[in-house]
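Labels run A, B, C, D and E following the written order; every chain starts at residue 1.
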Amino acid sequence: MSSANVLMPQQATILDITEETPDIKTLRVVGKEGMPFDFMPGQCAMLSLPPVGEAIFSITSSPTCRECLEFSIKDVGNVSGALHGLVPGQQIGIRGPYGNGFPVEKMKGKDLLFIGGGIGLAPLRSLIGYCFAHREDYGQIDIVYGARSPADLIRKSEVKESWAEEPDTNVHLTVDAEFPDWDGNVGFVPTYVSELGFSPENKIAVTCGPPIMIKFVLQALDKLKFSPEQVITTLEMRMKCGVGKCGRCNLGPVYVCKDGPVFSLDQLNALPAEY
Amino acid sequence: MSAALNETAAGWEPLIVSFCCNWCSYAGGDLAGTSRMSYPANVKVIRVPCSGRMNPLFVLRAFQRGADGVLVAGCHPGDCHYTSGNYQSRRRLSAFKRLVEFAGFEPERFEVRWISSSEGDKFAEEMTSMTEKIKALGPNRKMRDARWQSVTSKV
Amino acid sequence: MKKVIAREKLPELWKSLAAKGPLFLPIQEGPVVLFQPWQEGAEINLDAVNTAVSPKDVFLPREETYMQYRCSGKQLELIPAENIEPVTAFGVHPCDLKAVEMLDKVYIDQDPPDALYKKRRENTTVVGLSCSEPDPFCFCNEFGVDPADAPGADVMAHLKNGSVLLEARTDKGKALLEQAGDLLQDGSKETAEVKDVKTADFGLNLEGLPENLKERFEDPVWDELYKSCLGCGVCTYVCPTCYCFDVEDFGHEGEGQRFRCWDSCMYGHFTAMAGGHNPRAGRKERVRQRFMHKLQYYPEIFNEIACVGCGRCLRSCPVNLDIVQAIKALGGETVEQR
Amino acid sequence: MPRTGVFICHCGSNIAGTVDIDKTVEASRNFPGVVHADEYRYLCSEMGQDIITKAIKENDLDRVVVGTCSPRMHENTFRKAAAEAGLNPYLLEVANIREHCSWVHKDMEEATPKAIALLRAAAAKAALNEALEAPRLDVEKRALVIGGGIAGIQAALDIAEAGYVVDIVEKDPSIGGRMAQLEKTFPTLDCSACILTPKMVEAAQHPNINLLTYSEVDEVKGFVGQFDVKIKQKARYVDPVKCTGCGICWEKCPSKASSEFEMGLAKRKSIYVPFAQAVPMVPVIDRDSCLYFRKGRCQICEQECPPQAIDYEQQDEIIERRYGAIVVATGFDQLDPTIYGEYGYGQHPDILTGLEFERIFNASGPTGGKVVKLSDGKPPKKVVFIQCIGSRDKARGMNYCSKICCMYTAKQAILLKEKVPDAKSYVFYIDVRTGGKGYEEFQRRAAEEYDVAYMRGQVGKIFPEDDHLVVRGIDSLTNRNIEIKADMVVLAAATVARADAPEVGRLVGINSDSYHFFNEAHPKLKPVETHTAGIFIAGACQAPKDIPETVSQASAAAVKAIGLLSKEKLQGEACTAEVIQSECSGCLNCEAICPYTAITPVEIEERYKDGVLKRTVAEVNPALCQGCGSCAVTCRSGSINLKGFSNDQIMAEVDAICLQR
Amino acid sequence: MAERNIESVNKVREAVSQDLLGGRIDLLLGWEKGHYWWQSRPLFARSEEDLEKLAWDSFCAVNLSRYLLEELKDHDKIGVLVKGCDARAFNRLLQDNMVKRDQVILYGLPCPGMLDYNRLIEKAGGALLGITEENGRVILNIESGEQEAQRDDLLLDKCKDCRYPDPAVYDQLLFSPQGEKEGPERFKTVEELEEMSAEERFGYWEKELSRCLRCYACRQACPFCSCRECFVEQENPRWQGRAYQPSENFMFHLVRAYHGTGRCIDCGECERSCPVDIPLQELNRKLIKDINELYGDYEAGLDAEQEPPLLTYRPDDPAAFSEK
């Protein structure tokens, strides 16, 4: 229906809420009739809770999950804070999907290196799930995931248990400092990536996390001789419309909501660094 | 109860929001209660620590949301629990009162009174007289957000 | 179809048009002229070349409620609440109409279309008005706008001595003239007294500017140009080609509404993220964004500079930091010589 | 979303009689965030509190709203109950549906919707409540008494006896105050000095008391338990350690000035002790009249002083000390009746005020205790006393009654008769007020046994004629004009606040009434407390009082101070202001208006471009902040907010109240 | 062309160039000409070449002091050309702790009042080519020749009743003072509005404020609006909604004015900056007038040492409400 107002959300319901970390919760959301919409990994959706408002979040569940959409949300503002306070059964508004998503076609046949930090795992998780579901299309999968502390790692059991069990898959966890009962690696994600020393050959690296982590991961990958075309990341910006009109999220002529949020490093290098 | 109905019907009842300082006027209100004095239920009190806490923006918000009158009550000059709060609010609220009147509000819509903790009678009298004055003036439309009104009419 | 109406008969025409739906036209509001809905007794000013704020309001209202919500317990009801009726915009000058066409590209042509804008646009009959005298601030000539003609108008109006010539260009336009019935007289033999309207000549060289600016995001020009900017939103709000908006809710936990309203890229909060990070944190970044958007980003996508030379920013910027300043600075004149 | 529980109290029928409890509970269930609603007959009872604690635990409530009596009544009770369930007590809000609702509105139809509105507002506010912690503050175990009159002396002695160190600050060279100026005291006629001086000496010798005479309080900062006080000890030009009080200096001193102690009726030397029993018996040099200071020569006192205690180089000294409690006992002044021209005060030496007449009786006074006219040294035979000079005079002076004049006039009339047996006294009065033990009997004695003629009426004019004073008045009972040819007129001038009372009030941070008498915190129940915690008042600085009343009030103030000093820690204010420094522009308007000097500038560093920028912002000391919130109003950007009464909480209350019309 | 008054520009340039080129100041805030002869815009001069552009004519209305807020982050010492109102603005910033006196050198320019282009056009009645000024008169060059007018009739609104055209604070005064003025009509409009009934007044303001675009030019141009975050943008609480409802218009404008109580220096930059000509200064002047009436004469910005009226009180202050 072309005459539908793109800003108009549809009704959705929260199935349940899990506390991931002290400031991150995962919401499982379902539409009026099952899935609110189809989407690809890396795409986002606007969640709204009047009268607090609307905010955009990346979808963390895999498109292959047909039961619901999942959002891992960090409490940083009014909308995210309000969403944190909800209880199962609460209805909210949802619209989307927005953005380009990860280039899953281009990634076919490649080895994949996922590098995530903290809440940055959210969009990666969607892609990782997708790749597992289409396991035959992709080669070796390495997942490097880190956070400040063990308590700040999200989807811990899934990452540790299910992902690590997948064929041809290695999971490398790290935290910033020593913690009791933590027997994994200790150190920042970029350092760990360097230490693990991945070969760029036939590989695509996808990274998502706090800006400062991304900055150093990109440096680390560069040292490992990954070319910019081989590195993919996603951006976060303030957005109101999601459809490239409200004017907030552009990097030069490119609108992150519409043309992003997924960019390869070479694409990003060609754009004004206004993020 | 529909606000819209209330206002068109003959029995329109005004809403008066009163901000009372904790130490004098709110206590004066308590005394009015313990003395079983009576005043109209149109008045609803919000407790603030001091009349010096009274931000004029609260008054404007009340008008936006449908208050027909706003009454700020504090300790008599010299009696402020915090020494100078009411002296400060006297200046602020005097300037502000003149400003809202300049904007076209009737002087009765926004009032300030000094009511001590021992003046239960004065509390009741002021609340009554404020209500009567506002009743005489009729509903306040100025600055009332029409959108909020459409919302409240359905509550 | 051409019709003529005596100038003194215009009020009757407006009244009859207004009876059928909202009629927007330049109205003298105290010291300024604004494009506003006609009301009995309104003081229409067709002689003002430029309204203080552009008529984009007609198509992209400064405030537009599109949803209502009701909550009760865990239930949330979301109800579309658009209210778009047929309107007439009378007296839109060529520059402003050209600007609307630029908005069309963003709001209609670019996928997905904005249904609210599109509907309004389709529901609006535009009566264009040729310019007979330029305002000192006008410089539409620089952008190839013909002050005598607004090609996109449904009806083109020309002020003549004592009368107004109305020429229908589209079916919507014809319908409008037909509706007016006896108020209009046949004008098939009339011709517009086309004047050669010369607007200010700043000697701008726009050729290749967008392409040239592509590499100038980090240009030192920006370090100087922004300095006088006060950080207000005058330029964006008066500008006919600015179209940014915000979305906000109004109401309480029980019910309320959601609306969109104009916003400005000149405001710090425009891009501030919930966590506190702001990609365009300073005035420099914001000034650059605005001018780059007009001169590079928009042209990059839509192949034309997003300025029509209406001159509103020249008139209204409190510190005269207008697009001509910017173009000149970027075009290798004043600032670059430092 | 919070998880709020609403509890509504019937208060027997006090609330339930006018508020439909069921309806109210039902309505509460629909408030945003409310997950539980309940009611009970008496919520403040043990059982009632149990209901709250249980519900908090069972329903995992994180906010509580109680619809009960005034928060001034039971807020603490319910906060404690909430705390018992492990909830921070400040997450509880009270909706006052009794005093502000059920008791003042006539029926259910009126009171029920209002109760719902008040509850809705409380729930809206509670949703934004934050867990708060009241600071625990230290108590400095030392008290300051300002004023060394009988009130100050008594308070200091009591506090000292309880084992705490007390400093008395007295602005005159000696303690003693007004009582030292009196001859005898009513109604027992015991000698004022005889009962006062032992107390003065006791105070001076008490190991826990420090006398800081000829000193003034310069600055008071801080708050209850920790007042930081600067005391200016004025230079005496006499070393108190060396001085033996022998008196040679003032004997030899060649220059004189008018004696303050003698109300200007006599002279004293430039180096002097104000009166013979002064404590400490250390003289001061009055720079204004001293020849050495005026003209640079003389120095006789220095030459004559046996222990060489004179020190012209002495400077004012600032003593800085911390006190846990302060008792203000600064006493009173007598109104200067010059403003009433008709009484001719100041025009004739035989027109005196009551206090001046008091000195005439005194053996060490200007006449050596002989009751004589100052004009000719002859004993007065006819003395007219006029009451209420400036008191109870709406039109021209104070509305209040000076309280002591009726009694001291009776006393002076009796004393006069005893000293000058053939003297006749006339008293013009409005009313004779003799409330007090033995007072009425005393006054009757004056009238009946001492032949004092009481005339209800007013005096219109006094003027000298020949060798006497003509007093013209009206007897208001008979409406007759009266004219008395008197030898002497005594004006019972009003008891007024000290001239520097407003300044003292400002310094210590207590307020006063329109006559500048300091205000007690509550006229009935907190007569010695002030609105500023830790500061107490005693004596005539609060209102006119006689000696017994003053002494009892002083002891009461002392008890309050002792109670405070005996505490290990004090609970500070939890609802204090807080600065959001990233938004604060550093204009410091908040600092300017803060009555507690709780706000100070502080420099912070912020990232700017590639470097760091230093800038000034405001900072609140939560121990000093008393939570008035005036700063939050002064701050235009809302960068300073008051916890517990924050901008968004009050706005939420407004929104909620306006929802329910 | 407008008479550029070469002599006075040179005098200004002479005064500042020594300091700028000698390194006593790092930046000079002045004016340069804009596209049109009737526009003078801010100049940020750092070199001799920059100083060539310096303008000082009858169109230097922009209040430069406000730029100090940003520029002092990047410069140690700044020179500012200050008219009467600019100097009061500087004092305002000083009182708000936004600047330090020793960071700034003020070059005082006694101000004859700035001209209003719209008034000039109106007077000319058609195309206006330029003006020349002499002795309080303005000669308008119009197509058909010349037309003469009194300068006072052509002033900007903000300058019409200026009482203090001379800088109240400066390090160097560049011309001889104009002297204090009466400003007899300063409160005329306020008084006219006061005469109206409450209904009429409300109608007046509702109409005037309905034009508000929420562009915040009034705020951004204002020397008393120095908050880092305006109440308008605050999220918790949301004092100000973004909608263009009459209620929100009043909220913004009443609060903006109220925040200037005892602080507004009456420079009129708010009104001059307003693209839709809302008479904002009347709201400010109402508060000035009332504060003067209630709490004694106070001219914000004249004396940085004098306590602003809302930051102090007297126990015997009068009130605008009954205190019985």
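The rule is simple: contacts are C-beta pairs under 8 Å (C-beta built on N, C-alpha and C of every residue); 3 or more make two chains touch, one makes a residue touch a chain.
Just so it is clear, the structure is predicted and the values come from calculations on it, not from any experiment.
J.: Could you pull out the chain whose C-alpha mean position is farthest off from that of chain A?
T.: Looking at centroid distances, D is the chain farthest away.
J.: Please find which chain has its CA centre nearest to the centre of all protein CA atoms in view.
T.: The chain sitting closest to the overall C-alpha centre is B.
J.: If you take the mean of the Cα atoms for each chain, which one ends up farthest from chain C?
T.: Relative to chain C, the chain whose C-alpha centre sits farthest away is D.
J.: Counting in whole Å, what is the centre-to-centre distance of chain B and chain C, each centre being its mean C-alpha position?
T.: From the centre of chain B to the centre of chain C is 44 Å.
J.: What whole-Å value do you get for the distance between chain A and chain D if each is reduced to the mean of its CA atoms?
T.: 66
J.: Starting from the mean Cα coordinates of chain D and chain E, work out the distance between those two points in Å.
T.: 48
J.: Of all the residues in chain D, which ones touch at least 2 other chains?
T.: In chain D, the residues touching two or more other chains are 593, 634, 647, 651, 655, 659.
J.: Could you list the positions in chain C whose residues touch two or more of the other chains?
T.: Where chain C meets two or more other chains at a single residue, that happens at 246, 248, 250-254, 256, 263.
J.: Mind pulling the residue numbers of chain E that touch at least two other chains?
T.: In chain E, 231, 236, 239, 243, 245, 310, 315 touch at least two other chains.
J.: Applying the document's contact rule, which stretches of chain D touch chain E when the two form their complex?
T.: Of all residues in chain D, those touching chain E are 502, 582-589, 592-593, 601, 608, 613, 616, 634, 636-639, 647-648, 651-652.
J.: Considering only the defined contacts, which chain D positions touch chain A in the complex?
T.: 1-2
J.: Using the touch definition from the top, list the residues of chain A that touch chain C in their complex.
T.: It comes out as residues 2-11, 48-55, 76-80, 87, 89-93, 211, 236-238, 240-241, 243-250, 252-253, 272, 274-275.
J.: In the complex formed with chain E, which residues of chain B make contact?
T.: Touch residues, chain B against chain E: 56-57, 60-61, 63-64, 77-78, 84, 87-88, 90-107, 111-114, 142-147.
J.: Taking the touch rule as given, give the residues of chain E at its contact with chain D in the complex, in rising order.
T.: 73, 96-98, 226-231, 234, 236-237, 239, 259, 307-308, 310-312, 315
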